[in-house]
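Input: one structure, supplied below.
Per-chain numbering from 1; labels A, B, C and D assigned in written order.
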Amino acid sequence: MVKSTPRALKLENLNILIDAVSQKYRTYGPVAKDGENAWEEVKADGELSLGCAATMLPAKHILQPVRLDLYSFKSSGGFQIEEPGFDEKIALFGVSPCDVNAILALDRVFGGRFVDPYYWQRRENALIVASNCTESAEESFCTSWDTGPELYSDYDLLITELADGYLLEVGSQRGKVVVNGLNLPGATQEDLKEKASRLDAARAATKKRLPVPPDDLHQLFEERYDHPIWVPNAEVCFSCGNCTFSCPTCFCFDIRDEVKPSRKEGVRNLEWDSCQLLEFAEVAHHANFRRLRIDRFKHRTIHKLSWMKQQYGLTGCVGCGRCVRWCPSWPVRRGRITSLADPVEIIADMLEPPEKVEGVERPGGVIV
Amino acid sequence: MKEKRRITSGKPLEKQIKVDYLARTEGEAGVYALVSDSEVKELKFNIWEPARFFEGFLVGRMYYEVHDLVSRICGICPISHMTTALRALEKATGVMISEQTRIVRHILAQSQIASSHIIHLYMLAAPDYMGYDSIIPVISEHPDIFKRYYRMKTAVNKLSTLIGGRALHTMSVLFGKFTRVPSRKSFLEVADDLKAIKDDALETVRFVSRLPIPEFYSENIYVSLKGKDFYPINEGRLASTSGLDVSEDEYRAHFTEQQLPYTNSKYSALNGKDSFMVGALARINQNFDLLSDDAKAIAAEVGFSVPNHNPYLNNLAQAIEIVNGIDDCINLIDAFYPQKEEPAFSIREGEGGAITEAPRGLLYHSYRVSKDGVIEKADIVTPTAHNASNVEKDLNLLLPTISHLGVEEITMRCEELIRAYDPCFSCSVH
Amino acid sequence: MENPYIVEPAAITSIRQETDETKTYTLKFVERERTLQFTPGQFNMISLLGVGEGAFSITSSPLQKDDFEHTIRLVGNLTRAIDRLAQGDIVGVRGPYGTGWPIDSAKGKDIFIIAGGVGLAPLRGLINLIIERRNDFGVVEIMYGSRKPDELVFTSEYDKWRAAPNISLFLTVDEVPEGFEWTHGRGVVTNLLGLSKIDPANALAFVCGPEIMMRFVARSLTIRGLAEENIFVSLERRMECGMAKCGRCMLGRAYICTDGPVFSYPEVRSLPQNLLAASF
Amino acid sequence: MTANSNSNQKVKAAVFKFTCCAGCQFALLHFFDQQVETLELLDFVYFKMARRKELDEPYELAFIEGGVSAPEHIEQLKAIRKQAKTLVAFGACAAHGGVPAIKDWQTEIDVEERAYPDPLLVSSMKVSPVDEFVKVDHYLRGCPIDEVEFMEMIRSIAADKRPYVREHPVCLECKLKNNICILLMREGVQESMCLGPVTRGGCRVVCTSNMRACFGCRGPMSNPNIAEMVRTFKGKGFSGKDIEMRFTEYAGLSAEFREGARAYYERKAPYYKRKAA
């Protein structure tokens, strides 16, 4: 008879768990790359680099690869289509709470009336080993959304770093199967207390906060859609798309066909795309519904902070701070150098009384 | 080419050789000759490649971008221009590079020489002797030869790509350093690839030696770097078979250039008068002893010995150099343990020149740099500019010996001779 | 898992040239007996594998069960390749997508159908449906404008439309080339509203055309007394998926592909970044 | 049903060289090994670097390599345009003038005299991109051209559809490759003065993947924010000279990069204008 596993276990070191997971799953995790963290496949001797420091690309790129073959086709009179299958078991090891919350948002995007099989085949096969953040990165503001530093649900396994090892919590049957064979001791009351106090400390260390309650954002953007501060902000935007590519909840993509030299076969593939790029909304005859930089800049900001919530019930920002970090433009606002894409700074901008922003003219409408 | 036979009473038969645009070379040049019986009446080797004035516009640029810009002198040997410019600039500004950077630059240069030679032999030179106008028919008619070519080029390109980021116009090369040096593991992987094509390289020597290469004797002065302990690529003494043996800094004391009205390339001369040959044949003629054992052995096997005075056999010399280059790279990689280094340097004003061996021969760059790092003077002499006058000399010698042949055949022979020099007209008119 | 990105082969059973640049294609699924269930105003994604995919309104009437029609104008890469196709060629189809015209709320009411250019395409199915179910609806006035007379689409059906009881068709063009005989209106389509006999109090308007035109039409209609919520417009944006995944057609919080393309005028006015929006 | 699937004819192509290093043609030779299948869609009726054959056949597709720098080039170019159905600007020099166009930034005669004792013997004028004289159908940018983009173009032209040429910035591909941002994370002109945010991508970020700052060889993207690029460079501490040099290396003739090169001297980058609090 198998003894049932208690929810909270004590783990001496991570390797025990990584070994157990990687035996059953192709395992991905944040590893050090060129001085930053990046989600890559974790090799047996690889070193995970956990903690709050957000990875370059979010874990999303494991669930929806940056480039992906939708299907291949052959034509001979009519056509035959061949779909690539995906049945590999994958594990996301060390997902931070904000990223888990971002995945929940993506679940809604790729679910709904039309279910996107490419995302879901991976998602359903994915074991989520989440990791609470016991430290706080300068850029993140997850506490404002309550998307971190602590994760409460929606994980298979959850680890929290303690002074002498890790607390391992089991959140699903699938997670339980992984740890069952490991013979781990149960966690003590002290361990649980230590977790709570560590996460409280991390919460307290997260200094960056939204200047308004999240629920007010919808109204703020609605009322101040034409706030003059958008103009100087958009003026320094490169429209480079770094903010959207690094965002864990951005999902937009492009579909393109490629033909093989025979011209009778080819593949239709998908690649990430960004609303910040000029060509994103271009239609025939080079008409463009978002030709102006300011329209694109507004679209991304408001989509993340307000519209996505209206569309999916979950906000499009989880406060991970990636866009803050990777935006190459650093304007001076309120006397400090800040990141242009920083949602917190943009909201603070919006709160400035419109009359106080001078010398800027609002360019008229959409040019079509 | 057009054939014109003018038969006028009393006059001997004149043959006009005219190639407007030489094929399968890099850049644009033509040749015009008028031969009657065994006399060359007129000869013009006309390099009409449009001038780009590198020496002119480099003035005013910053020291750290010169190597990148000059690499665009030539699409085939960008690495040679890069390395030479860097050595000259580093000398001028008093910057010392690490031993590691030196070694990696050497391996990179060797990989480029091998790649260039492979392309020249198989794609540019061999079709002549195999009776094709390009390599395209070779793909289907001699798949074994094409595959051998393909394997070799893939392997050496892999080495250039590993170090440089891509095979052409590498980008990891910086003033004073590399952006990053690959790990020993990845170097060893490529070394395995190089070992795997060693037989192909030896076979290439045999293949070239079996091509119907004409017998032709033309005693030249050969100029190249001369090595002491190893086959010279990026450094060595400046030497000639006519007795020159000086340091590279004395280049300008012995070599001069002259502009001619019918060609955009300047013509180089040794001691103000002599034409001379540079390139693989010149290097081997002066450094045969420094070749790897296998290179020497295969040379002996195909009956190649030095000094060799058949310029057509520059092709064979290149094939032998491929073997040598592969051996050189394998040995260097074997003993190479990359370290992470973050070299810091400051620059001073000054002037400096450097010479390296590009695939096609001796390459000279020299610069003067101001204290702010701005280029004040640039001087570049390329292998094909060095060779240009010798090509004319050889054509003058060759034409009388083949003047009895048909115009088509004479033209072919002349083209083969020029191609044997592996000229790069883009380089020559930089 | 069912894959909604996969297209089904459909054969072109006939092609009708509408204008120099526009053709109407009749399509029929090849692999299985399937009728396309749709409401006029909805669209399909049409693929030419190897070239691309695009959104095209279904222009036939939903009562036409055996096959369906698309009217496609040559504007670029995909449409150029489609333009070269011949009868018997196969295209890929998925759909239908989007919302259609709110036909049920139009029952018993008078209807304005106002279109510009190829914007008549999503309305043609509706017109033919109305004719087939003539008794369900009140008076219908079709107001259609294009740049030039030879750019009008569906001209072969005008007689049929005019012949139907209580339907009038008003035409207008921006310019008439010299030597061309033209007895209808000139100028913008809003001019035609002066000819209307419909009582706006009991009417609905279905509008499709360039955004700038729809803006003026909507404004004129409200001035004539049509309630804003009785005006419906169809919008166009670039689309890659048609299923609210690719994000391209997003307009504020709305997806044109699933929340639209047919919207009521007040809805559109609340969305930013379009010419009908309140603040522009 | 794929595009044009019933046509199996090869496209007759010709390669012409003007003022450049011939590196793009040479890159094409390189592709011959790996991409035989795609290159077989073309029949090179004129390709001097690869084939000993005169131009004696009509062609549909012309690759123009190099910029225009001599009066005789213009006539040749116009003749080529007349014949070719599709004309492709092949490489940075054809698209933007490339490195040789650095010459245009200085007094012409000074430059020429530094290189030749008698410049009058050399036929030359200012360097211009090909589209200054003829209409260009497609651009293959880059110094040198990118293999993947080239192959996609050949296949598309052979299938008679529009080739996919990326218009987005280099940054995008860096992110998709999970590269760190060297503009933000590194120091030094050579490694970190990155034009990525304003340069057109499609190069598969060979430079930044090798820790080298993008030097803009593919020219400006579709709507580059040059003023902000200049401001960012200044913010990172690069000098006006550095900025001018960076913008003029490979595509200095493009209107946008020209603006960047001049911005330092001609205006201060705009920023917030606010009332005093």
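Brief remarks follow.
As a working rule, a contact is a pair of C-beta atoms (placed from the backbone, for glycine too) under 8 Å apart; a residue touches a chain by one contact, two chains touch by 3 or more.
All values reported here derive from a predicted model rather than from experimental measurement.
Apart from subunit D, the touch network of the chains falls into the groups A, C | B.
Farthest chain from subunit D (centres taken as the mean of C-alpha atoms): C.
Comparing chain pairs A-C and B-D, the larger number of C-beta contacts belongs to B-D.
Measuring from the averaged C-alpha position of subunit A to that of subunit B gives a distance of 52 Å. The centroid of the Cα atoms in subunit B and the matching centroid in subunit C are 67 Å apart. Between the Cα centres of subunit A and subunit C there is a gap of 38 Å. Subunit B and subunit D have centres, each the mean of its CA atoms, that are 27 Å apart.
Multi-chain contact residues of subunit A (touching two or more other chains) are listed as 73, 75, 78-79, 256, 259, 263, 266. Shared interface positions of subunit D, defined as residues touching 2 or more other chains, are 1-4, 159, 161, 211.
Within subunit C, the positions touching two or more other chains are listed as 49-52, 76, 90, 92. The list of touching chain pairs reads A-C, A-D, B-D, C-D. Subunit A meets subunit C in the complex at residues 70-71, 73, 75, 77-79, 81, 83, 109-110, 112-117, 120-121, 225-226, 251-257, 259, 263, 266, 268, 273, 275, 280-285, 289-290, 295, 298-299, 302-303, 306-307, 310-311, 364-366, 368.
Of all residues in subunit C, those touching subunit A in their complex are 1-7, 9, 30, 49-53, 75-76, 79, 90, 92, 210-212, 236-238, 240-241, 243-248, 250-253, 255, 258, 272-275, 279-280.
In the complex of the two chains, the subunit B residues touching subunit D come out as 21-28, 50-57, 59-62, 64-65, 68-69, 72-76, 78, 119, 123-124, 127-128, 133-136, 139, 149-150, 153-154, 157, 164-169, 171-172, 174-175, 179-180, 259, 261, 264, 266, 372, 374, 377-378, 415, 426. By the touch criterion stated above, subunit C contacts subunit D in their complex at residues 48-52, 76-77, 81, 84-85, 89-92. Across the complex, subunit D meets subunit A through its residues 1-5, 37-38, 40-41, 152, 155-156, 158-159, 161, 164, 167-169, 171-172, 175-176, 178-181, 183-185, 196-198, 211, 222-225, 228-229, 231-232, 235, 270-275, 277.
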